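Working notes, structure below.
Labels run A, B, C and D following the written order; every chain starts at residue 1.
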Amino acid sequence: MSREIGEVILDLKNVSLAFGGVKALTDISFDVREHEIRAIIGPNGAGKSSMLNVINGVYRPQQGEIVLRGRRFARMNPYKAAQAGISRTFQNIALFKGMSVIDNIMTGRNLKIRTNLLLQALWWGPARREELAHRAKVEEVIDFLEIQHIRKTPVGRLPYGLQKRVDLGRALAMEPSILLLDEPMAGMNVEEKQDMCRFILDVNDQFGTTIVLIEHDMGVVMDISDRVVVLDYGKKIGDGDPDAVRSNPEVVSAYLGAGH
Amino acid sequence: MGFFVETLIGGLMAGMLYSLVALGFVLIFKASGVFNFAQGAMVLFAALAMARFAVWIPGWLGIDNALLGNILAFLAAGGLMFAVAWVIERLVLRHLVNQEGATLLMATLGIAYILEGLGTSIFGSDIYKIDIGMPKDPVMILEGTFEGGLLINKEDFVAALIAAVLVGLLTLFFQKTSTGRALRAVADDHQAAQSIGIPLNRIWVIVWCVAGVVALVAGVIWGSKLGVQFSLATVALRALPVVILGGLTSVPGAILGGLIIGVGEKLSEVYLGPHIGGGIEIWFSYQLALVFLLFRPQGLFGEKIIDRV
Amino acid sequence: MLYRENGQFKTSYADDQQIFPIAQDRWLIIGLLVFAFIGVPLLVDEYLFRAILIPFLILSLAALGVNILVGFCGQITLGAGAFMAVGAYAAYNFHIRVDGMPLLVSFLLGGLTSALVGIFFGIPSLRVRGLYLAVATLAAQFFTDWVFLRVPWFTDNASSGSVSVSNLHILSWEIASPLDKYLFCLALLTVFALAAKNMTRCAVGRQWMAIRDMDVAAEVIGIRPMFAKLSAFAVSSFYVGIAGALWGFIHLASWEPAAFSVDRSFQLLFMVIIGGLGSVMGSFFGAAFIVILPIALNQFLPALGGLFGMTISTAGISHAELIIFGALIIFFLIKEPHGIARLWSTGKEKLRLWPFPH
Amino acid sequence: MKPRKLARAGIFAGAFLASLASASTALAQAKEQFFPVLVYRTGAYAPNGSQWANGYVDYLKLSNAKGGINGVRISFEECETAYATDRGVECYERLKGKNGGATVFQPLSTGVTFALTEKAPVDKIPLITAGYGRSESQNGAVFTWNFPLLGTYWVGADVAIQHIAKKEGGFGKLKGKKIALVYHDSPYGKEPIPVLQELGKTHGFEVQLLPVAHPGVEQKATWLQIRQQKPDYVLLWGWGVMNSTSLREAQSTGYPREKMIGVWWAGAEPDVKDVAEGAKGYSALTLQHGAEPNSKVVKDMLEQVYAKGQGTGPKDEVGQVLYMRGLLSAMLAVEGVRKAQERYGKGKVMSGEQVRWGLENLNLDQKTLDAMGFAGVMRPVQTSCLDHMGSSWVRVHTWNGKKWEFTSDWYQADEKTLRPMVMLASSKYAEEKKLKPRTPEECKK
């Protein structure tokens, strides 16, 4: 791989999260380095999605902090996270169902919109130029993901695999520095999975985007990630490069051995 | 002090009736997710039917007994409300399964129009009287304790009593009967209920029937107090803050909410109204509900909403 | 065969992002506008102007405003009447209290005031949603009803609380005849509809729709819910406020708070749901349906009765009107829950493929 | 769209166009004087509105039965307003040009009156608002087309105070008294307030304002306040179901009905009949007439209209208070036309403008009225260009548990108080509208 793994850009320290009395995450710490692909694995209900939700501020942990490029966040919120260059996809595809593919991806450009409401209402000068410039950017994403043929289709009508791709497209349109992927390949057939893998690697490779990913498919995870965190019942039970994790006995008994 | 107590009691009495209308809302919302704006029209329709049947039926059958006439009229009106519930399920709800809340809400408004039009064209648009022998004149009590005594309206008292009994009966119905349990199951989870073999359509008919009976009782009480007239349909708007305050899915919430709103609006009108011009009770109750919502978005007893991603 | 886009190639994104990318649509709309501005005035009599077309135009504008909030941003409101009232009374006060205030300026100020009030009453939307929000907006409705009845300052201390305006003019154009009023409303509506279309295809429109479709995801990609929701409330209330000012100044000329009662709010919500949520076009369809239907029924039923030799009493007609109106609404909701606009677009799509549907 | 749907849509559109066409291409029939009738037979105010409408329409029928207006037959058409201003405006627009043009409009709604006041001058159609509408429109110099015949709310307020003063034993006794006004929270209910406040200042009584929100079924708090404040008198300014609700609440809070006085819109059978005994002792002003089942005009009506099965409403309501109000309103309009014919040609159809002249020069003396069957029902009315009200005779009647009975002598409004207020308010209106009031010379034309 040509890219160079850099310094730690995201550091989670002693994060604990509970809903009511139920503990979702207990005292978890791990870090993410620039340009790497970091995977989070674990059995169902291990707290993987909660982990991503903590990173980009959808959930607020009761304890712990997030350090992003040296800045401490005791409380992250999704908007702040987005501003800081974190974007993500969702496990159950949270696309905007009433909008077309193009519009969905265009929403990813939202933080970069500068003109105000009045100019937009008039479709005038700067607003128009800006809109077209962003459209051009979005077309690049569309080309990259090879979804040109469906750009005008309402996303609600697309098959699952394509929706996942659009979801990724929307996240990419933000030009993120860190990309969180929540089970990007769940429910896909082998071919689709291959495509998706290719996109992930290409993103990482071409744009140098740091990727944090949750995935069930062990083969894929071990293939593409640089380092892996293993969670079980909200606790961290393993952390390291794929080989190290694979040979970690605790992980083996909790997860791999369980016959997933 | 005596006056404060009187206002308080007046508020509680009014609140009890709001609870009754709110209960109709909650029942239907719980079981079918429909925010039933036609509840007010149902109250009107039921009351109109009751008022007219009480005159017509004794006429047809040649009965001279007022009590018997009223009972027959009540039964007939109840039967009519059952028919209405069945027709609504058949012609409207069944075709609107899985639609969005706003669409359903509009559909119930459509139902409200139909019921209003139908009710007034069948039964007439005059003011009609329901005379179930409620005492009209007030009594004074506790004249020793409070200066000038406490004025208690017997009619309100009886009305509140009837409302309380109905609420009690409904609670029993929900807790003790199998139909009641099925209703609660449906309220908790439509699909789960369906998968264990509870027929949704039938449940809907039943719950609309129950709401119809609640509307009938509310209509009889209000009608006997104020006369049965088109304006009864507007009680729905008075009961909305109640359901919001109490939570859309909570029966105890509807009852407690009704009492809070009743007391709140009467106290505000009497003590605050004169300083800012009066006529504030209707918006005051909405503001009360609104302020409350800002602290508890799901209402007093509503289920907490958790976002899942 | 006429409705074809073969041979119409887009060579730039600008072309592709036009309001009507298909040439036939463009011509149809231009034709309609020309007809509305030139054809209608030649054909139509005073009754149609005053009783149908002017109310239709004004309520279309209001429905457009409501659609921005409900259809595009997903925030249900039952308080639209309140914002009409705010717009009307604010415009009235600017009109009479500031000497020489141009009519259009007082309308715009009325709209802006309404927008501010809208933002204020939109604040609960940050905490509550759905039907709870709908009821919360009723608070705005009843509160404004009361304010305009009770605070004499707003009605220029008129003893009855009813206000009236007259001698409306823009520069030297006296807006007096039904035709003038029609053209004035039409011009305003055209401008505002265009602006609405622009907003909904721009960033701000996407923000609204994103909040509507999935608010958590919207926040994750950097849309601030507060800004999106409150801007929708502001823009919507602005539109509704302008419509209120038109309703008061142009249609009624003399009004009381009851003109903007809760019934009006329900009526507007009906329009957007029947017309089509999230569709600019739908607002017009809905307004037409709701404005014309009762009047048509009211006139059509006696004629129908006459055919069968029956005379139906006024009361009978009104009752039948209520029943039929309610039934038609339910019928529409069942047949096409997404509104008339959806029927329209399905129709268009079929036409595009016709005669080869597969 | 499926063809079937298309067809359905087509049928609907066609039907609609046809009905519009029939509406707008007015069938101009010669020799018929067209009376549009704005009514409300549905909605919250239907019980009161229907009775008025029945009386109105019946009188038009009776006039036809008696040979029309000097041979000119009357045609009429009802239009339902549901007491809503915008529907009222639509009705007005629909009917104003029909059948050769509307003679006169009587909307029976203060809200609609306000809206039509702006439109009538443009269309040159007079507006009769007998006993309602804008009080300052009495000034015909400014309100050229408005005719608040027989009385305005200001007259009502003034007479109500006179009546109280008489019961108390003179205006001097009013000092320190407390009078509550329970009113419908709308322009209608607010109209009397300035007069009451003015009189309160003059005579030293306190006015307590208690608004009741539309439609008026929720009055508990209002009556609790009355119970707390214990006003000496309660004036009731309600309409429709609000009136009976007030009486029921008064009963249940124990406020003496004898101390309650209603305006003439709160003193009819629908307001009290279901409260029956509970409303006993309650008084209301009358717009001259009360319930007049024994008057000659009612007998004529029963003989010439109802006996032939042409009556509009139920027979037993003929002669009731609101029925009579409608009947009188129609009579005034008919007499306006008759008067106009005296000048512009007997046996001809009069235009709105001509009818206005007629209404402005109405002079119904007692002899004429008696001859028409209004003996004991009405006192003379004489209008002029500057006075569009014509008379301000008011009596008080009281509900005895079964029917209304007159319990006072005739009162007349105090011009000294009211005239300056009318002039002030109407000149403010003229100023706002940039109208130039008519001078006495212009009136002569």
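As a convention for this text, a contact is a pair of C-beta atoms (placed from the backbone, for glycine too) under 8 Å apart; a residue touches a chain by one contact, two chains touch by 3 or more.
Because the structure is a prediction, the values reported are computed rather than measured.
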| item | value |
| --- | --- |
| Nearest-to-centre chain - CA centroid comparison | C |
| Relative to subunit B, chain with the most remote C-alpha centre | A |
| For subunit C paired with subunit D, centre-to-centre distance based on mean C-alpha positions, whole Å | 35 |
| Length of the line joining the C-alpha centres of subunit A and subunit C, rounded to whole Å | 41 |
| For subunit B paired with subunit C, centre-to-centre distance based on mean C-alpha positions, whole Å | 33 |
| Multi-chain contact residues (two or more partners), subunit A | 58, 90, 94 |
| Junction residues of subunit C - those touching two or more other chains | 149-150, 216-217, 315, 318-319, 322 |
| Touching two or more other chains - residue numbers and ranges from subunit D | 41-42, 46, 50, 185, 211 |
| Residues on subunit D engaged by subunit C in the complex (per definition of touch) | 1, 5, 15-16, 18-20, 22-24, 39, 41-42, 46, 50, 53, 78-80, 82, 84-86, 89-90, 93-94, 97, 110-111, 114-115, 117-119, 122, 134, 185-188, 190-191, 193-194, 211, 214, 425, 432-434 |
| Touching residues (chain side subunit C, partner subunit B) in the complex | 70, 76, 124, 127-132, 134-136, 138-139, 142-143, 145-146, 149-151, 216-217, 262, 266, 269-270, 273-274, 277, 315-316, 318-323, 325-327, 329-330, 333-334, 337 |
| In the complex with subunit B, residue positions of subunit D that touch it | 41-44, 46-47, 50, 185, 209-213, 215-218, 220-222, 224-225, 227-228, 240-241, 244-245, 248, 251-254, 270, 274, 278 |
| In the complex with subunit A, residue positions of subunit C that touch it | 12-14, 17, 195-196, 198-199, 202-204, 206-207, 209-210, 212-214, 216-224, 231, 235, 278 |
| Touching residues on subunit A, where the partner in the complex is subunit C | 56, 58, 77-79, 81-83, 87-88, 90, 94-99, 103, 106-111, 113, 115, 117, 120-123, 127-128, 131-132, 135-136, 139, 170-171, 174 |
